[in-house]
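In the two complexes that follow, chain A is the common piece, with chain B as its partner first and chain C second.
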Partner chain A sequence: MKHRRITLDSDLKNLSKVREFIAAAASDAGASPSEITKIEISCDEWSANIIEHSLEGKEKKTFSVECSAAEGRFIVMYEHEGERFNPIEQEVIDVDDHFSESKERGLGIYIMREMMDEIHYEYIEGRINRLTIVKYLEENG
Partner chain B sequence: MDQFKIDVSYDGSDNEIVVVAPHGYIDATTYLDLEKEILKLLSEERYKIIVYLTHCEYVNSAGWGVFIREIKDIRQHHGDLVLADMSPDVHLVYEKMEFSKILKSFSSLQESVSYFYSDNG
Partner chain C sequence: MEEITIKDSLKVTPMQVGGDKETVQLVLNGYLDTYNSPEFQSHINELINAGVRHIIFNLSGLSYISSTGIGAFTSFMKSLRQKKGNMVLFGLQEKVLEVFSLLGFTKFFKIGSDLDEALLFLKKEGGAAAGGGKG
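The block that comes next holds the complex of A and B.
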């Protein structure tokens, strides 16, 4: 499949646009319904994280999403120029403890880490947050 | 995208069982509506809650948080919050994230109502 890219304003109303964009691209790449669900859920969590936290109060309030597929891997790359935040550095949470301690953040990132096969974070040119998440497409053989 | 809405209905001999049925996607734009509805029920001291998910296509982390956050308080009041008739996509997250350790689920609304009629509920 060709690379597909969209750039959107940082607005929660755009969550559904990202989900639709991701689901269509993953389907074209041959992902199974279960794999599409896992990718869509992960991207929804990361999109919401960017909009609600990283780009809150920033001057440049857009983010981009790019999809590609190669060698049985579906790849989603997010870029934005908001607050620097590396989700890989976040502690793995215990779900029961998480809520008993009244923590509000972290579950979405944990879901993303559980649903995807690879997550890579880069901070580029001192301004660009790039998160690349990968799903191995296996279920259709 | 369809408009998100929540239907609320009652069951049981004294209408003590509340069925909360969200329609559409529970995401960062809609989970607060769900939270508001659950907190309203708790303020009315209604502690037997079924979240009927047959019309719900998706639940994000904040939505799961709404279900899980109040569960200890609800059980301390001899009630429960249970899930019924999850779609495959919602069930996938429920199983994968092991939310089943915290929240009971039933494959149909009738089974979840029966749970509250039994000694367990």
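The block that comes next holds the complex of A and C.
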């Protein structure tokens, strides 16, 4: 598949647009329905993170999402300008504790780690957060 | 509670269940994510504060749920249990059920196969009326 890229305003109402964009790209790349769900919920978490935290209180900004596939791997690359935020450095939560304490947030990073096969973070030129997340696709997916 | 549409993305339709004012079935249509979850949570909390103790969530029209949406359900569960009430979900689409399952949340929520099973669960667990749903 060709690289696909969209750039959207950092507005939570755009979460559904990102999900649709990524799900369509993953489907075209041959991902199974179950793989698409995993990719979709992982990406949704990162999209929400970007919009809610990195861009909070700032003037209207944008973020971009690029999808590609190669050698059985589906790759999603996010870029946005904002404060440095490396999800890989975040604390690993325990889902049981999370529920018993009735926390309502904080699952996002856990989901990305559980559902995807690779996560790479870079902070470029002191202003651009780039997160690349990869899902290995089953051969018959 | 009247039918409400949250941010053009989620419709919540209440249905009376067996004439019991403390029990309600809520039919969800749309999706539930970080965009609309806070408002959804606020509406349901109003309902709980107004005296509803048992909620049946009919999720057959819910096409997607994020972790924030699941977080809203954990919050309702806590509030209802404080009132010695309970909640049950049914009609989950495959994708929504998969999200609950992938995140390990199926063990925390009672998920019924249909409205009758949901009512039976509430009757056993929470003392709700089980006179059958309307609509």
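The rule we apply is simple: the second predicted complex is superposed on the first by the 130 of 141 C-alpha atoms of A that agree within 3 Å, B and C clash if a C-alpha of one lies under 4 Å from a C-alpha of the other, contacts with A are read in each partner's own complex, and residues count from 1 in each chain.
FYI, contacts are C-beta pairs under 8 Å (C-beta built on N, C-alpha and C of every residue); 3 or more make two chains touch, one makes a residue touch a chain.
Quick caveat: nothing in here was measured; it's all calculated off a predicted structure.
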item: Fit or clash - chain C, chain B, common chain A; value: clash
item: Which superposed partner A:Arg84 touches (first chain B, second chain C, both, neither); value: neither
item: First, second, both or neither for A:Arg127, with chain B first and chain C second; value: neither
item: First (chain B), second (chain C), both or neither touched by A:Asp44; value: both
item: Chain B versus chain C as contact partner of A:His53, first or second or both or neither; value: neither
item: Partner chain in contact with A:Leu107 - chain B first, chain C second, else both or neither; value: both
item: Shared contact residues on chain A - chain B and chain C; value: 12-13, 15-16, 33-34, 37-38, 40-41, 44-45, 48, 51-52, 95-96, 99, 102, 104, 107-108, 111, 114-115
item: Complex contacts: residues of chain A adjacent to chain C; value: 12-13, 15-16, 19, 33-34, 37-38, 40-41, 44-45, 48, 51-52, 95-96, 99, 102-105, 107-108, 111, 114-115
item: Chain A-facing residues of chain B, complex; value: 1, 25, 27-29, 58, 60-62, 64-65, 68-69, 71-72, 88-89, 92-93, 96-99, 101-102
item: Chain A contact footprint on chain C (complex, rising order); value: 7, 9, 31, 33-35, 41, 64, 66-68, 70-72, 74-75, 77-78, 94-95, 98-99, 102-105, 108
item: Touching residues (chain side chain A, partner chain B) in the complex; value: 12-13, 15-16, 33-34, 37-38, 40-41, 44-45, 48, 51-52, 95-96, 99-100, 102, 104, 107-108, 110-111, 114-115
